[in-house]
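The letters A, B, C, D, E and F name the chains in turn, as written, and every chain counts its residues from 1.
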C-alpha cells in the first residue's frame, strides 16, 4: 500500500495481531485483498481493538523516523455499522468460515418469520429485542464447540429451527404459531453476551447467569417497558426461553410445561444434532463409520452405501 | 330377536361375556343395533371366542327344553375377514373408542406412503410384511397404556409419524426417504403379537423377546426368503427397528447409529408425546394445568389462555 | 353479637367459610374472641375475600326479612394494613400455628441484619425489595410441605440462616458479609408469589418460572431502576439467588461459583434440615426412632437416651 | 527354501505382510520353522489373504527376471480346513498366544457337554449351529480387550462356564440342564461375525446389530428350518441368548426372566471376572496390589501373603 | 390339663399372648400337643417373656379364689438351652415354618465345613464365634423380608453358600478355601443382633451400625483376645465381611478387593436370588409368570412348560 | 561439620536420601541449618529410616580408609519423641509446608475442646485414644490430595471443625455438645494408619478396611477395655464415626441417623471445601476465575472485584 503523508485512509480489515510493548503499540490487519497493513495505536486505543474482529479503520499517514511513512489510527468502527447487509454478507466469506447459506439469505429468512408474528405483544417484544442485537446476531457462532461453531452459526441454527415449526403445527394444530416463532428467534439471542463472539470464551456473566436467564431478564425488561409485564404471552415466552434446555441437569431451572415449550426443546435438540451429523457425513466415505461425534452422545455413525 | 326353528342366522357382534360351567357353555354378544344375543357353544368352541372381539357368528336356532328356541353356534369368523374395509371402518366406531380419524382414511394414508417406496428391496419386504398383518394392524392399539391406547392407535400413530418424514428430509436432505418410510411402517408392527389386542395384556413372547427383536426376526426371515439377506438395505432396516427406542435403558440393544435410525427415534418419541398432550389439553380448561401425564415425564402441563 | 340497626361495625376476623348460591352470598368469620359472625356480601365483593385470611371488615347492620338484623359488608382491608407490628404479632398466634418465635422478634432480628449491610448498593437494593414485601413476608410459610410449613416460616427460616453467617465468616474471613446478609434476606422472598400464602398452592408463575428466577428478575429490575445494573455487587447477588439450590437437578440453572453462593446453599440446606429435625425430635421419646422425615432423605432418626 | 522351477509347493504359514503397488503384489508368510517366504499374488487374489491368518498356500516356482526363482500363488485354504484337530491344536501354539488349555482339550470338553444335551430340539439346533461355526470357534478370541482376549479365548471361556453348570443344578435342582448347556455353547457364538477374528475390530454388523441379536436371528433361522419355531424350547433359548448381558444398559433388550437366563448371566459375568483376576494375580507379588483391572470395575486387587 | 395343688409342672410352649393390667399379669402358651395353657406371672417376670419364643416354663399349681387351681411361674429358660439338637430340630417344625431342611441336618452340614478349616488362626476364630452364637444361629431368619425370611433361614442360607465354594475353587484354584469357609460361616452371624429374631424388627444397633461392621468388630475382638490381631488372615477375614455387600450403595464401606471377597459377594447374591426363585416357582403354574419378586429386581419370572 | 574421632554426635535432621548397594549403606540428612550430613548405616538399620521423616540421630565419628572421618549411626529416635511441643512446632516449619497455624497453637486449641468434654465416658475414651496418637496427629496431612494435604493438615482441619460446633449448638440447642467434640476429635484419627504420613500412600489396611471402620474398631476396643461397651454414648460415637461420610456411595456403611452425626458430616464437608477455596482464591486475581477445584465438584470459582 502506497501512502501519502498526511492523507487519511479508510481501511476495512480483520485484526490479525495486536502488538504492544513499553515503546510500541500497533495492530496488523488483513484486508479483503489479502494486504497486511500495520496501523499504529495510542495506548488508550488498545482496548478498542479485538483479535479476529473486522473494523473500518480511519488512519492518517504520518512520518516516522528516517522518512518512513506509517499509518496512525484516528478512529475505528465495527464493520457491521458501516456496510449494508449485502456488502457485509459478501465480506464475511472472505474472512471467516461462514454458515452454509449467505448472510443476506439467512437474514431475509429470519425476518420473514419475524414479520409473520401476528400477536401484537409478541411481535413488538420480539422485534424490539431483535433490532437491538440484529447486527451481532448474524456475526455470532452458536457455540464455542459442539454444534454450529462457525461465524453466523447462531442465526443459521435459528433459521433452520424456524423452518421446522410449520410442519409440526400442521400435524399438531393445537400449538401456537406466534409463540413458537417468537421464542425460536429469541431463545439463544443472549449467547451474544454469554460467549465472546471472537475468541469463543464464556464471559463472566455467561458463566454466572447463563443465556437462558439472561434472555429471560431481557424479555422481562422489554415487556415492562412496553407495559406488557402481566400478559399471558410474556409469561409463556419467558417459560419457553427458561425451559428450552428441556431438563434440569441441562441447566433449565424449569422443565417444559407447555406444548410450545416442549416443541422448542425438541427442534433445538434435533437441529443441533442433525446439522452436525450432515456435516460430518459429508466428510465420511460410504460404508464407513464417522469419528465419535460429541453432540451425538459421543457415538460413531454409519454412512450407508448407496 | 325372533327365531325360527332350524333356521341359520348370521350375526355380527362383539363378545360381551363368556359363560361356562359343568352343564352350560355360551356367550353373549352385542350387535350394532345394541341387541344382546345369547349363543350356545360346544365346549371345544370355547377357546375360539375372545372377550371384546367382534366376529361374524353363524348359528342355528334349535329347540331347548320346554319349547324355548335357542341359538347354537355353527361357526365363526373374525369380522375383519368378512367385511370390506369401508364396512369395517364404520363398524368399529360402534363398538370401540377408535382413533381420531376413520379407519379407511388411516389405511388410505399409510398405503400412499407404502406405495411411494421406490427402492425395490425395501418396497418388497415392507409390502410382504404389511400384507401379512394388514387386517389386525388397523384394529390394534399402540400400547396397553401411556399413549395411543385406543383401537386403531397403532396405525394412527404410524400414519402421523409418516407425515413428519418429508418435512425433515426437506431440511436435512441427506436422509434416505425410502428407509424412513419402510422402517416407520414396520417399526411397531410386532406389537400385534407383543400385546394381545383385546385385553391389552403382554404375551409371553412379548415379555421374553419384545417387539423390537420380534420385528427384526420378521424382517430377517422375509429378507432371507426373498434372497435379500446380505443387502445394505436389510442391514439398515434391521438396525433402525432394533434401535428405535433410542437408548439401551429403553430396551434398544443398540443405539441409533445412522441418521435415519436417529430420526425414527425422534419422530416416534415426538408423536407419542404430542398426540397425548393434544388429547389431554382438549379436556383441560384454559388457564389451568392438566393432570400428571405419564408419557410426559409425569409432568403437569399448562394450557395458556387465548 | 348484638347489632343495632344502621350502625357501622368494624370486625377483625379470619374467613372460615365463603358461601354463595343463586340468591345468597356471604362469609362467616371467626374473631379473636371466638365469636362466629356472618357478613352478607355483594356478588362483586366475592373475589376480594380469601379463605383463611384475616381482614378488618367494615359492615353495616341492616334489617332483613322479619325484622332480623344482619351485617352487610361495606369494605375490607388485609389486617396487616391495619394493625401495628406488635398488634399483628399477637393476633396471628390466635389464628394460626405460628413460627416458634413471636413475629415482632423475628422482624426485629431480620431488620437488625438488614441495617448492618454497609455496602450502599446492596443496602439500597435489599431495603427497597424488603419494604415492598415486608407485610406479607412475616405472614408467609416457607413451603407447602417439607420444612417451615407454618405461618411465619419464611421469615423465621431467614432469621435462623442470618444467625449462622457471622460464625462462618469468623472461620473463613475471606467471605463477604454484606453479600451474605443481602442474599440471605432476599433468597426466598419470591416464595410470596410462588406459593399462595393461604392454601399453600403453587401459583402459575411459581410453576412456570420459579422463585429463583422470579427473585433474580426482581433484583435486576430494582437494580436497573437505581442505576446499578452493571455493578459487580448486582451480578454477585443475582448469581447467589439463582444458584442457591446448589445443583442443577434441584432447579438452579447455575451451580454456586463464588464462596458466598456456596455458603448460602449450605446454610439454606442445613437450616431446612436441622429445624425440621428439632421439631420432630421434640415429639419423639428418648431411645426411639422418629418417623421417616421427607426433608432428611426419607430417613428415620434416632433420639439418644440422656 | 530352495526352489525348483515349475515345481508346486504347499506351504503352511501365517501372513506377516501384504504388499502391493502399481507393479507388485505379494505376501510374506512365516512358517512353523520360522522361515519367511515371499509369495507373488495376482491382484485379484489380494482380497483372499488376511493379515495374521494361517493358510495352506499352494504355489508354483517360476522364473523372474535374471533367472531368479519366485513362488507364484496358485490357490490357498484356511488352515483349519486342511489340518486335523490335533495338528491344528499343535500349530496354533507356534503362531499365537493361545488359551491356557490346548485346543484339542477345549474341543473335547465342549463336545462332551454338547453330547450330553438330551432334549432333541435343543440338541439338534445346538449341534447344527455348532457344526457351522466349529472351525472358527476354536480360533477366535472372546473379546477385543477386557477378558479372554487371546486366540481360543471364546471357546475356553465357553468351556469354563459349562463346568460351572452342574454344581449349580445340584444346589438348585429346578434349573433345566439342557437349556443351560445349549445356551452356554451358543451364547457368544456370533462373536465370530461380530468381531473380526484377526485384527479384533468390530464388524459393521457387529456394531449395528450386535452378537446378542445376531445369535438370536441364527437360532430363529435354524429352528424354522427344522420346524421347531413354535416350541417352548426355542423361545427359552432365544430369551436366554438375548438377555445374557443381564441389564438393559449392558445391551440386553430384555432382562433375564427365567432361572436359566439368570444363571447364564451370572456364570458369564463370573467367568469373565475370575479368569482375568487369576491371570493378573499370577503376575503380582504376594502382599501387593494388582494394577487397575478394567473388567473388575477398574479396581486394584490384593494378593494375600501365604 | 389337670392340675394338682402345689405340684410343680414343666411345660414347653410358645408364647401366644402376654396379658397384663393393673390387677393381672399372665401369659398364654401353646404346647406341641396344641394345648393352650395360662401361666400367671409376677410383674417383674414380664420382661423375661417374649412373644413368639419357645421356653421351658417351670410353674407351680396354686389355689386361686373359689377353689380354682392356676399355674404360677417359678422360672423359665429358652428352649434351646434345655433340649438336645435332635429334640429342638423336631420341636421347631411344630411351631414355625422352618427352612426346607431339618435343623439337625443344617447343623451337621455347617459343622462339617467348619471342621474342614485347616488354617489354625481361621479355625480358632471361626469356632469361637460360632460357639458363642450357635444356639440362636439355627433359630434365626436371614432377613425380615425379601429372602430366607423363615426360622432357620440364616443357617440354611449359610449352608447353601458353603456348598457352592468347592466347585468354584475347582475352576479357579487360586482361591483360598479356608478363608471362604470361615467368612461364609461368619458373614451374616451378626444378623442375630441386627434383627430381633422373633418379630423381625431391626434393633437400634442394627440400624446405627449394621451387621457388616458389627461382625467385623466381633472378629476383631476375638482376634485380639487370641493374639492374632496383626495377622494377614484376620485382615482378609475382616475385609471379606465388610465388603460382602459388594457395592458401596449396598452398604459395604469397601468394595471387594480380593478374589475371595469377590466370590463371597457373588455366592451370597446368587443364593439370595435363586433360593427365593425356587420357592416362588414352586407356587407358579407351568407356562405362567410369577408375581413380582422383590429380591429379583422386582421382575416377574416365567416358569417354562415341561 | 567438623568431626572428632570417637566422639558421639546428636543430629536432628530430615532424611533426604537413603543409599545402599552391595558394599555401602548410608543416609544423607539435612539439618535446620541446611547442613547436609552423611551417616553410615548397618544393613539392619536400613528399615528404621524413612524418607522425609525427621529423626534425632545418635552417631559416632569413626575413621574410614585414608584417614577420613565418617559418622556411624548408633541409634535414632523420631523427633517427636525428643523435642518439646514448642520446639517441635518451630522445627516443622523449617522442613515442611505446615498448616497455616503453628503446631503449638493447633495443639492448644484442640486440647481446650478435649478438656471441655464433660461426659465422663466420652471424655475418658477420647482422651485415651488422643494420647495414644497425639504425637503423630500433629505431623500428619489430612489427605493425599484434594484438601489439607500439608503436614499438620489433619489436626488443623480438626481444629477448624471444632470451632464451628458451638455456633451450631447455639442455633440448634437440642444437639449434644460432648458427642460433637468427641466425635470431631476422633473422626479422622485413623488416617494416621490409613495413609502413610510421609509419602502419602494408602496402606494395605487403609485400602481394605478404611479409616471409618478402623476408627470404629479403635473406639470399640478402648470402650471395652474401660467397661463402657454397652453405653448409649459409645453407640452414638461409633455411629457418628461410621456415618461421617454422609452417603453410602462416599463409603459410609450407614447414613447419619442422629442430629449429631448429620452435623459432623456437614462441618466435615464444609471445612474440606471452604478451606481449599480460601487457599485457591488467595492465588487468584480479583475479577478472575480459579482453576478447576477437585474438591468443589471440579468447578471453577469466581473471585469478585472489591
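Assume a residue touches a chain if its C-beta (ideal position, glycine included) is under 8 Å from a C-beta of that chain, and two chains touch if they have at least 3 such contacts.
Remember, predicted model here, so these are calculated numbers, not experimental data.
Among the remaining chains, those touching chain B as well as chain E are C, D. Fewest steps needed to get from chain A to chain F, stepping only to touching chains, is 1. A repeat of the D-E interface exists among B-E, A-F or A-B; more than half of the contact pairs are identical by residue number at A-B. Rounded to whole angstrom, the centroid-to-centroid distance between chain C and chain E, based on C-alpha atoms, equals 54 Å. The centroid of the Cα atoms in chain C and the matching centroid in chain F are 47 Å apart. The mean-CA centres of chain B and chain D are about 43 angstrom from one another, to the nearest whole unit.
Averaged C-alpha coordinates give centres for chain D and chain F that are 54 Å from one another.
The multi-chain contact residues of chain C, meaning those touching 2 or more other chains, are 204, 207-208, 257-258, 289, 300, 302. Across the assembly, chains come into contact as A-B, A-C, A-D, A-F, B-C, B-D, B-E, C-E, C-F, D-E, D-F, E-F.
Remark: chain E residues 204-205, 207-210, 212-213, 216-217, 220-221, 224, 235, 238-239, 242, 248-254, 257-258 touch chain F in the complex.
Here chain F touches chain A in the complex through residues 287, 289, 300, 302, going by the rule given at the top. Every residue of chain F that touches chain C in the complex is listed here, in rising order: 160, 163-164, 166-168, 170-172, 174, 176, 232, 236, 255, 257-259, 262-263, 266, 270, 273-275, 277-278, 281-282, 289, 296-297, 299-305. Interface residues of chain A facing chain F in the complex, by the touch rule stated above, are 204, 207-208.
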